[in-house]
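What follows is chain A paired twice: with chain B in the first complex and chain C in the second.
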Partner chain A sequence: MFYVPKNAIYKRIPRRKFLELGGGVATALGAGSVAVGLSSVVTRSPVQAASSDDAKWKQYSGTKLVFMSENTPPSFAIRENLKPFYDLTGIEVEILTDDLPVVQQKVGIDLRSGKADFHLNYVQDKPIGAPFADYFANLNDFINDDTLPQDPDGMGADAWFENFLDVCGTMYTRDRLIAFPYDSAVACTFYRQDLFEQHSPDFEKEYGYRMEFTKDTTWKNVYDFAEFFKKLRAAGQDVPYGYAQHQGSFAWTAQLDIQRLMYAHGQWTEFDVDDKLGSKEPGPTRWGDESSIFLMEKWKELASVAHPDNLANDTLQLNTVYQAGQIAMQVQYHEFAASIEDEKTSRAAGGKTAYAPCPKGEASWIKNGGQAVNGTSCGIGGIGINNNASDDLKRAAYLFAMWSTSKETQYNVLKGVGGTPTRKAVMDMPGVKEARQRPTDMPNALTFDAVYDYGIKDPHFVLGPKIPEANEYYQIILTEVQKCISGQQDPAATCESIRDQVDDMNDI
Partner chain B sequence: MATQVLPGGALRGDAPGGINPVGIMPGFVTRDGVTVLEAEPLARNPEPSRRYYFYMMAPAIITLAAISLYPFFWLIWMSLHDVDIMAGDKWVGLKNFERLFTRDAKFSNGWLLLIQYSAMCLFFEVLLGVLIAVLLNRSRWEKVLVTVFLMPMMMAPAIAGLVWYYLYNGTFGWYHWFMQSVGLLGETSILGSPSTAMIGLVLVDIWQWTPLIVLITLAGLKRVPRDQLEANMVDGAGEIRNFFQVVLPNLYPFLLIGILLRFMDNFRFIDSVLILTGGGPADATNILPVYLFDVSFQYFKLGRGAAIALTLLVVTIILGMFLVKIFDSPAARNVGRTEG
Partner chain C sequence: MAERGAAAQLRWAVFSILAIAVTMAFLFPIYWSFSQSLRNPLDTFTVAGFGIPWVNFEPTLGNWIDQVGTPETMHALYNSTVISIAAAILALLLGVPAAYAVARFQFRTWKNQDITIWFLSQRILPPVATVIPFYLIMRTFNLLDTHLALILINATFVLPFVVVILRQTFLELPVELEESALVDGASYWTAFWRVALPLAAPSMAATGLIIFAFSWNEFLFAVAISSQNVITIPVHIAGAVDTRGVQFWFMGVRAMVAVIPPVLIALIAQRYIVRGLTMGAVKG
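Showing the complex of A and B:
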């Protein structure tokens, strides 16, 4: 019925056994999952440490793998161009893509049920990596295996941009590595340079400083800019709103949105844990302290001068609002630059948009004695291997994980559909340096100065919170902050409610 | 040439015209050279034992158990455990329920919102459904219009959710633009405010499921006894009095079916809610099934999710039984009896 190589060692079930297992009932009840299961086959040609690289790459020729990924540019681009990997390894890979929440559900069910319908998983750092860290294979085992080929640029922390391996690969312990950085979404500021320049003289008259965006622009300045644009609108001028927040229904990015403000002011974090490592037992939360209440008040003030549809705009919608020319500024993920620079779909294209680091903390707003930084949050999507799979399937999956994160693949994605590299070496590839300036054929590269040269570096980069209950935490934040912004409860009550729920969630 | 009496009543040559029921005539010579003279009557089969019935029903019972009873008992089991495949399931007794009923505000809020949502949907769907059905009944364009009205119902709820999501969108949504133009909305979209988001959801449900009530009501209208209508008119009743005195009482059981179906649906269908609002903003549309989904498949708290599901199931069963009891009431049974 299905082609299975002669040396297949997996999933050939004799007819008698099939009948013994009640195959008829199983077929009727689980046709879907059985179909997925049948699509995975592994074959193996034994290799030694001394075997050639070609033999090592080819040792699982004839194997079929399934990769469940978020619908991000790299996955689309790689799915369209899998032939080089097939030629290199003889392994067939099926890439399934969906929205992140759906991927999280599917991957979560697969992992937690002890199955391996998806051998490779998109490990979005906090939403997927933090709750399911124990279910992924330890990639250190493969990195140190001399019967597997290895990437010449290495797979260690030095090969990736600063902090990236920690963000998605390290969860709760440094003994295990659960994912390689596959793609990245790092926050930076997108703003309408044309409008800023046009209105800067009027702004300066009123506020006493120029309306421009630099790495020293603070959240207080952002408030001023937004207030200024709102006043112009109220006076009947045809200008967009100044600013908008990610406070729509996507809980994770709503949490990242307010996290930037909180971290910028004294590097405030939710828990007293190592932010790079996270913790399964994070202890009592800091929500409800003086800093959090004060900054929540500021967040509400910012919302009051933001686009009025603030509570409907999640990250994707917010980007659409910016593309439509309805706001003059957004803190957005650098992977969206390509869509902003697309003249067919964006009114902000054609050199109107400039990119800067995330806003810096306002010194007078810091209540915990910490320093003001450009709080930069992120989502580093990793690629991990399902630990429920057989050893051979895991080894075969490692080959794909390594290939899909190689500098050549990332470079092709960057050139093709606008990827966001995770490997340092990509920056040295032909044309990438030039692409950072207009005119460019790699629009995402316009953000590289703000992101790779500045935002991701310590002390600006905020990695967490890495806790097993991350998704519940995001939902609590989203709901309570929305209540605050919509006027249903005041900032102090909001922070206290968050504290009570989060502590209850963590059995404090 | 041999002759033989074949066994089996079916071969008796006593059918009209001398031809037996299977068409073999007496005197027929079979391939084996046997001449059929007559057939013996069949012996009556013995009465099957109770075990026989059990064996015959067993496959259906086992299948039913596999797809229904087993998950039900598994649900109860899960609700009493902290479900974790890595660490192993841990018995927690009634802790999951205790949490729901003592300190889970989202649970109680979810129930309130679900009741509110269902009540609004049912009220408007029944009102509009009956109105439209009465207008359509026996109209010249009835068939064409019924087909047109049924189209939303044929759409998958998830697709309907997506379509309305775009129509409501504050940036490019046509409905948003329209509602803003006529002064119903400001710059905030209908889904962007906690005070209007629920209305947005109810409108989608009304749009999609009023046709079901129209369909059911139309079926009921066809069965309204003509003699009752005529008798009432002889007594001097006009169209409106006729409607309330004759038509509506006769529609009663049909509407109950519609209400029961829609009521169950509102407890189950969350596709469009998830797409449109995901339960927000500020939990304004976080009806219980959405919360159940979040707990089970976003937070993977399967024990707590099972406890929520169990309460939902129990309430649904009780309300279902209540409605079935109404169907069984003498009043409901007697409706329409005079016809034919």
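Showing the complex of A and C:
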């Protein structure tokens, strides 16, 4: 320390000078923030119902919009090809992409704070749509507005694949429509047809039926297949494991994974509510009932014959494991077919993989008296409009929402990077029907029979649970099911713990 | 005497083995990334042994060629470089005078030790607790997805290191040198600028390198604040996970690209970094 005499005289800054300095800094910051805040732009040329379509498309020429999206193939492809939209409307669109959890946070902050930094949002059905449903604009207002252009194929439920508009657009009420289906991830079974055919004779000798995958293949069969491959490995044969679950760290897909098994057996759902609408007050959960405990036991048995890294792999890692030839079968989302069929990166490419609907419920495993179905879960990503934006910005945003989900745009994405259409009309576009068979230049189309012709239809499709605390629910499921699979708690205790936490979350 | 020598040799051998084992454990992820970066994507999980190139698999530079030249990788490298250097400079500009003040002047309302502990407490605070407040602040000032936002945030979080490390440096310098300058008519500022600062330069360099590395590796705020324009190299590495699965081959290349600049700097300035890290380790 410096030596400072006790009677030292300090030179102090006078209060007036201090206030002057503070005021100067505050003024500079204020002026700066006002200047940068003026950077968003909306311009409008008035149109009427009788105006031409061209005038209606161009009424917001010069406007700038921001779309916050998950990093999915359609957003990458559309971002690279925005010129047609700009030529059509004169509107400039910035597409920002991030991982889904980051998008959830950013969009959530924007919506709940009453701001509109992102005029358009990626509305992933349950993770974003369910908690933030009240913050999105009602798209019905724009569909019925004759001063806006409309898609010739329509924007109603009939334009989209069965249930898709309900999955992402309808939350808690049919009075409001919060999103149009933008892309889709629907579960189906990917399996190594080459290995199934090779080992089917040995399997049949031991289990008494052929090892093949059809729409009638049950979860019990899946267990048998996985057990068979595991036995072969134990006997020293060079074969992959039979099966693996999505029980890694990504809570949403872990929940969807077990949901498929539960729904397949008597269409079991978590709450006694309309699955297509969901509910803000879902009431007591069914977790802990006889069905859930029995099926949790079966889930644990399936885990016991799965790949040993079962608890480390969420959806993305599991797909990589399958690509690497480490498992012979996975229930996976159909958007992943493009990566499976890429011969540069996948050992399962080149006609080795076949696609089938999700496994069906095993009749003897049904405890609630319901029907056995091919429980098919999904994530339908919608595009919605931030209700905090001004009326003109919302109308301009509608133009992009409509264009980005048009059949032409979806067709281009499907051809380019392997999209997953949501509009029925895309199926009739040139080459799509042919692409469902090998050889194909649209590998995702190989899944269309299993997904669009079967899995998404009633009674197989499970849409929910649509509840405001959907993300909290997923985390509870992941945590408790991981404990069960790892042997830390038994299936009954797992279901009861889930029940207690979920009911507590819903104030039951 | 001979027994004592044998015991010393044994102790040396045990420590050496332990040191090698620990070093290998720390180096293994880097080695694994390197090995992945040279593999054909089809060989991601199928290579036997320790994944030694030419021994366990035929290496390829295909992944490097695919990745290193891409605009995304170059842009991420550029962003990381700009943000890390600017954050380090800003933190030094603010932190060096603060460290000097805490080391040389007696504060009255808050004691010097309290101020030092307050600086330290900024490192104890979990960064994740401040992500949303920072996000909101940056949004208010329209700074999302800008270099300035990440420079300010990184500078905030490395500032305590600067203050704590350099405070100890200034304490170790003989105060008489500066007092001599004061006796000769120098102001406090001149004593700081002309006498203390040149003597502390090696420690400042070491501290600068350490905080550069911290900013270079920062992921949490980078992923929250960036969307497109200021994606840094750690966020770029994480971007190898997408709807095509985990592209380990690209992740390996990106990880190696990310590691190379800090490692080169560390090798060049190894002596100063050790000094910077050990400064204050024995004195409070």
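Heads up, the rule we're going with is that the second predicted complex is superposed on the first by the 469 of 508 C-alpha atoms of A that agree within 3 Å, B and C clash if a C-alpha of one lies under 4 Å from a C-alpha of the other, contacts with A are read in each partner's own complex, and residues count from 1 in each chain.
Note that in this section a residue touches a chain if its C-beta (ideal position, glycine included) is under 8 Å from a C-beta of that chain, and two chains touch if they have at least 3 such contacts.
Given the structure is predicted, the values throughout are model-derived calculations rather than measurements.
Of the two partner chains placed by the overlay, only chain B lies in contact with A:Y135; chain C stays clear of it. In the superposed pair of complexes, A:Q317 makes contact with chain B and with chain C alike. By the touch criterion defined above, A:T345 reaches chain C but does not reach chain B. In the superposition on chain A, contact of A:P73 is made with chain C only, not with chain B. Within the superposed three-chain model, A:Q326 lies in touch with chain B and with chain C [touch as defined at top].
When the two complexes are overlaid on their common chain A, residue A:S113 makes contact with chain B and with chain C alike. When both complexes are overlaid on chain A, the residue A:L96 reaches chain C alone and has no touch with chain B. In the superposition on chain A, contact is made by A:E469 with chain B only, not with chain C. After overlaying the two complexes on the shared chain, residue contacts for A:D504 are found with chain B alone; chain C is out of touch.
Comparing which residues of chain A touch chain B with which touch chain C, the overlap comprises 29, 105, 109, 113, 317, 320-321, 324, 326. Residues 25, 29, 101, 104-105, 108-109, 112-114, 131, 134-135, 247-251, 308-313, 317, 320-321, 324, 326, 469, 471-472, 475, 478-479, 482-483, 486, 488, 504 of chain A are the ones that touch chain B when the two sit in their complex.
The touching residues of chain C, when paired with chain A in their complex, are 41-42, 44-46, 103-106, 132, 135-136, 139-145, 175, 178-179, 182, 188, 223-224, 227-228, 238-239, 241-249.
On the chain B side of its complex with chain A, the touching residues are 66-67, 85-86, 103, 169-172, 186-189, 191-194, 277-283, 286, 294, 297-301. Note for the complex: chain A touches chain C at residues 1-4, 29, 32-33, 36-37, 39, 68, 71-73, 94, 96-99, 102, 105-106, 109, 113, 115, 117, 316-317, 319-321, 323-326, 335-336, 338-339, 342, 344-347.
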